[in-house]
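Common to both upcoming complexes is chain A, partnered first by chain B, then by chain C.
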Partner chain A sequence: MKTGIFICHCGHNIKHTVDVKKLSEYFRHYPNVVVSEDYVFVCSEPGQDMIRESIEKEGLDRVIIASCTPSLHGEMFKDVLKKSDLNPFLLRRVSIREHCSWIGDDVEKNTEKAKRLILAGLYSAAHYVPLEEKIVDVKKSALIVGGGVSGLSAAVFLSRMGMQVYLVEKEAELGGHVRVLKNIWPSGRDGKDIIDEMVKELEGRRNVELFTSTAISSFEGFFGNYEVTLDTPVGEKKLTAGGVIIAIGFSPFDPGTKPELNYGKDKRIITTLDFERNADALQLPENPRVAILHCIGSRDEQIGKPYCSRVCCVNALRVGDAIKNRYGDSYVESFYMDVRAHPRGGEEYFEDTQEKGVLFTRANVAEIMPMPTGVMIRGEDTLFGETFEREFDLVVLSIGMSPPADSKLIASLFKVTLDKDKFFLEAHIKLRPFDTAVKGIFIAGSCSGPKDVEESINHGRASAVKLFGFLNLGYAYVDPFIAHVDPKRCSGCRMCEQACVAKAIKYDEAQRVVHVEDAACMGCGLCNATCPSSAISLKGYIDCMIDDEISAFLEAI
Partner chain B sequence: MLTQTSHKALVCIQCGKCTGSCPESGKTPFNIRALVRKKQFGSGITEGIPWYCTSCGACTIRCPRDVKPSEVIIEMRSAFIENGTVPLAIQKALENTFVQKNPWGRSRNKRAAWTEKVDFEVPHVSETESKRLLFVCCIQAYDPRCMVIPVNVANILNKAGFEFGILGEEEACCGNEIRRIGETGLFEELQEENAANLREYGVKEIVALSPHCMNVLKKEYGDLGIKVSHYTEALWPLIEEGSFKTTRPCPKKVIYHDPCFLGKQNNIFDQPRNILRSIEDLELLEFSRSRETSLCCEGGGGRMFFEVETTYQRNAEVRVLEAAEKGADLIATACPFCVMTIEDPATEKGLIVKELSEIIMEVL
Partner chain C sequence: MQGKKIKNGGIESALGHFLKDEQHLVFGFEKGKDNVSHHVFKDSLDHYAPLNPVFSANGALYLRRIFAKGAQIVLMLRPCEIRAYVELVKLTQIEREDVIAVSVDCLGTISSKEKTGNAPTDVDPLREYFKDPEKMRWACRVCRERRGVVGDAGIRIDKNGSLWAIPYTGKGETFLSLLEGDAEAVPEDMFIVSSGKTEKFQVDMETFSKDFSKCIMCMNCRDMCPVCYCIDCVFKGDEYLPKGDALLNKIFRTGSVDIPQGKELFHLIRMFHVSQTCVGCGACEEACPQGIPLTQYFKGISERLQGMFGYMSGRSFEEPIPYVTFLEEELKDAED
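The block that comes next holds the complex of A and B.
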């Protein structure tokens, strides 16, 4: 074995608290180490050249780079090995910056720790074997679940890129909630126009199939080749999709679940959505008194909705604006906890609404009481510190977004996860906000948390772009870190089969052992940990590597 | 320098839902939101203020951040109790409870005196087959106005063939009010005494006569493994299945007042109403504020034992005025405290207040 160790100064970042010279000197005399160098910036061009030259000259078969966190420059250093015809999985990164030099100022202790970290890398790398990324064929087709504004946006993008699109909507009509919205802020467009435009484009494409009044009855297979069965009004339909975008939207909060609001018991108490549908049919006097209540079904732990729904403040402003525009002589009072008009232009819109005469009272209204003469609102003006009871002709509840009613059903069908509020959970809130933990299944729009129309459209398009990137070549690389079953040790107990979330483990009835479908395996390690016979190991992460790393930290040197 | 307290009050967003829901806001100096704000900063609380709280629970039920403002009040009261700065009447009630196990200081030996008025012998719970306990409550065991309630309920349940027993003199105050007054130590003593008896006699079920006792036995005694219900919950199924029947009509307009500890705090809204509706010719009326939005009678949280300083229109009077306006012949309720508080202004207006069992006894 010929190992090369390259220790980075990272300018002063590592060097100022770690004695890098001492480290490189120490490992130079270590068994199986043929190169041990320190360098000011290993990631720089000359630094990379140094590694390449060492590999080619000394015939290295292991490369250890002790520098910053492995997530930085990972692909770049792999490429260095590839260019020198060395398998990139023979590279070991050791973090002596984030895990060491940045933590303390004691040079002696830091150097000792860095030594141990590098030693652990050295021991572990001894078990490395060359691994190959696999290539699997993928279908250039997408299943989009949900025909609201987000799903439609995704469908439009994918269809324009020539991908086969299957869009499934459970309702008879496409467009979701956006279809009923009028005068969407800030563009002023009607929701119906936005929807009709997208639907028209999709209907004109040969590579798009739209299924309305349709449910998904089964979902099988793995990334690149998902097998889907649809239950359509004209019977069952089977199809294969390379990937999926879940865009099932949200459910409007039902204020009937909060008894003190008396919603549903008096027609003068309505929601913003009711207002949207029936603004023209409201029978109001010429100088109406209208109350608008923010945060209905949001920021409320008593109903298990601690989150802000993000759209209701602007909706409340829209209602106030609309009333003021229609009835110049009206009295409009908006009751808020905080006004969160966060989208661009929102704060200005808030100010415009105030200028038009809408009054803002800081109060989380306690009770709404229908009276013969009007609807009475009881609460505390928290800025005056005084309680009030005021009568209005109309009370509009600015309702928030609840998770879609069938989120649990869809989540279990696709084996994806929901968050604590029952919205769909992304794989990583910052780095993978469109992905789920299942490869090739994405989420879009308000099913992953409250979003406005603009955000839902953007989210749909972004997920579509990500999915397109996965499927466009018609083939895909699969990480080599997948589970491997030793058939000699497998007892056929099939416990791993139940543990596997990716459905990658298949049982061979004839041999009475399991094997792993490489393309489906996500390398999560669950089967590995479950197996009572230790018959399963994860390529690239075998047990003895970890054992040896631990001994590197503990042994006397 | 203000010090930060590690407390649930810190997550309060001062939205005012509690104050708007509070039956004492506006007309008294009590502002629950402002008190929570003071708690956040650990600043001083004016002595008399926390004693306005009636423990109706509306703030805690509705608080969007689950701060539990009514519990914050209990903590404030505890601090005053520690310092000995407590209204005299409250102090007296606590001493009485310590000595005689009831806030009125009546002799413990007479706790079962009401059983003499029952037309059958009420057994001790240990002698029953069902090990079902009727928990009587202090005010109903001693107060001349309320003593009729256990008598009635015992007769009604007996007539329905529903077996039960009592603890008699061994029953101690449940401690619901004591805990809310802030005397945690005394509450724990009462709780231990009652729980020890429940264990000793192998009690399997408790039917409480007062919503206040039911609340504390059900929610604040820890897990006893005992089913706790209010007597209206036990009675309604008996009427429904036909084990108990009223025979005479009651051609009256009856308006039902939801007790806070039965209604909004324990969601028992329908059983008392169903019982009333089952009576022939009885017309049931509703207050504009009923069920979850019922207006507190101001009898809870220690308010039975002392008068607050401010004079203002009492909620009981508001209730009576509305009942009169709606043309009610009588106000019905299912809690001894509500009976006591509402009866005063009702008598002034010539209206009758009856506990549910009193109405049933009239139509047997």
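The block that comes next holds the complex of A and C.
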């Protein structure tokens, strides 16, 4: 075995707390190591040349690059190996910057730790074998679940790009919640117009199929070739989709779950959504007294909704604004915890509303009590620390967003994960905010957490772009890190079958062993961990590799 | 509940009749010259004993990987053995189709390591013999389920010492039809009652290390465990227990080592593998040449673990093993 070790200074980033010279000197005399060099920027052009030359001159069969985190420059270094005709899976990246030099200042300790990290890489790389990335054919078609504003905007983008789009909506009408909004802040547009525009475009396209009043009865297959069965009003429909965008939106918080609000028992207590629908039909006196309550169903640990719903502060401001516009001499008081008018222009809008005469009282409202003459609000003013009781003619509850009612059902159907608040969880909050953990399944809109209309549209489009990028070529590369069953060791107990989230494990009745469907396997390793006889191993992460790596860390401690 | 009261010699004649068929077998106990032991009867049921007061191994061990179609086999075994059989069926290690599993009430057993000659085999003397529970093996003394209420049918002992056959499944009805007489209501009270709650097992790492320090890694406990079903064990090979050159390589890399290495790891991994299916029969302890109190650990831990899932190994064919069902909502209490 001929291993080459390249240690990067990363300018001063690594060098200033790790003795890189000592490291390269140490490994130069290590068994199986033929090249051990340190260089100021291994990722630079001359740095890459150095690796390439060493591979060609010394005939390296393992390359270890000790530098920044593997997620940075990963593909680039793989290409360096490819250009030198070395299998890119014989490359090992060791993070001695994020995991070492950036953490502490003690040069001696850091150098020792870096040595240990590189050693682990060395032990592990000894078990590497050349692997091939597989190419699978993918269908250029997308299933979009949910015909709300984000689902529709994803569908519009994908249909414009020529992809086959199947849009499924459980209600009879497309548009979701946005359809009923008469005045979308800040443009003032009617939600119905926005929806109709998008639906009209979709209806005119040959590559779009819209299914309303439809449920999804089954979902199988794997990335690029998902098999979907729809339960439509005209019968069952089977289709194949390359990828999926889940955009099932949200459920408005039901204030009925908080009995102290007395919502639904008195028509003078309404929600912002009720106000939006029926503002004209409200029977208010000449100069009405109106209370607006913020954070109903948000930031409330007691009902298990600790999150901020993001849209309701602006909604509350809009109610105050509307009342003030209509009744000049009205008395409008907003009871808030904090005003988070976060979208662009929100803060200015907050100022405007205040200038128009809406009073803002920082308060915890304990109870709303309908009385013959009005509605009594009892609570505590949290700035003055005193309790109050005030009577109003109308109470508007600014309700937040709850996870969609179907979230559990849809999550288990598509085998994607929900977060602690039961919204859909993204694969990574910053780096992969549109992806789920399942390849080819994306999320869009408020089903992944409260969003306003603008954000939902953007989210839908962004997921559509990502999905388009995955499917556009008609084929896709699949990681070679998939599970493999040794039939000689398999006892056929089918434990792994249950553990597999991708349903990639199939039981062979005749042989009484299981095997893995390569294309479906996601390489998560759950089956590997479940198998009691270690009959399953994950290519690229075999057990003895990890054992050796751990022993390298623990040796001589 | 309906069942049949078994007349004297009723089991023997029924099973003897059953064995007339070439393809039919009975797996039960035979009263030999010196001992009572497991026996597979073919053609005739000579020296059959319904009860065996001596525990040597769990009979389900011999049933692993019975897949043959055609041969009909009746199991007349202890509840712990039938429970292990049920677990193995769920793990697709046994084809249930051609097996009728009958659990026979267990009055308790003594270890095969003790002087076994004195132990009686008939119901009444046995009841008398085990009146003092101290005579039993520890596993039997703390057994949760010595009642023949598992499998396809059960043989129960009533308060007067008469035997009753009770069917639990369709296969059990087939077994019942072999017996003479008519079905009648079974008495409510039986001689053996459920032992109910057991003590919560807890041990510290120090005691654990001390108890297992005697282990010589012969792995007899693994080999005799009825639910340790893998055809190839992870502990085979050099990964966990290096020998020869592999051992020397390891020593040169890591320095001097104790031998045998990793015995605690071996038991912990085995515990992880069997804890959900363990029936607490104590076969591991029976097989241990070093006298390690394995039952205490394996039974104690598995009962606690199964309790968390409201599961009891071998109780029913339908109840899925918690380990193979992955539920999003489970183990909320383990989150913190």
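Going forward, the second predicted complex is superposed on the first by the 548 of 557 C-alpha atoms of A that agree within 3 Å, B and C clash if a C-alpha of one lies under 4 Å from a C-alpha of the other, contacts with A are read in each partner's own complex, and residues count from 1 in each chain.
Please note the rule applied: contacts are C-beta pairs under 8 Å (C-beta built on N, C-alpha and C of every residue); 3 or more make two chains touch, one makes a residue touch a chain.
Predicted model only: the values in this text are computed from it and were never measured.
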{"item": "Fit-or-clash call for chain B and chain C when the two complexes are aligned on chain A", "value": "fit"}
{"item": "Partner chain in contact with A:103 - chain B first, chain C second, else both or neither", "value": "neither"}
{"item": "Chain B versus chain C as contact partner of A:301, first or second or both or neither", "value": "first"}
{"item": "Angle at the Cα centre of chain A, taken between the Cα centres of chain B and chain C once the superposition is applied, in steps of 10 degrees", "value": "70"}
{"item": "First (chain B), second (chain C), both or neither touched by A:363", "value": "first"}
{"item": "Which of chain B and chain C A:529 touches, first, second, both or neither", "value": "neither"}
{"item": "Partner chain(s) touched by A:337 [first = chain B, second = chain C, both, neither]", "value": "first"}
{"item": "Chain B versus chain C - smallest C-alpha distance in the overlay, whole Å", "value": "14"}
{"item": "Chain B and chain C contact sites that coincide on chain A, given as residue numbers", "value": "none"}
{"item": "Chain A partner contacts - residues on chain C that touch it in the complex", "value": "67, 91-93, 229-234, 239, 253-255, 273, 323-326, 328"}
{"item": "Chain C-touching residues of chain A, taken from the complex the two chains share", "value": "412, 488-495, 497-499, 507, 512, 530, 532-535, 543-544, 547, 551, 555-556"}
{"item": "Chain A residues within the chain B interface of the complex", "value": "259-260, 262, 295, 299-302, 337-338, 362-367, 369, 371, 378-382, 385-387"}
{"item": "Chain B residues within the chain A interface of the complex", "value": "13-17, 19-21, 25-26, 31, 33-34, 58, 61-66, 288-289, 291-293"}
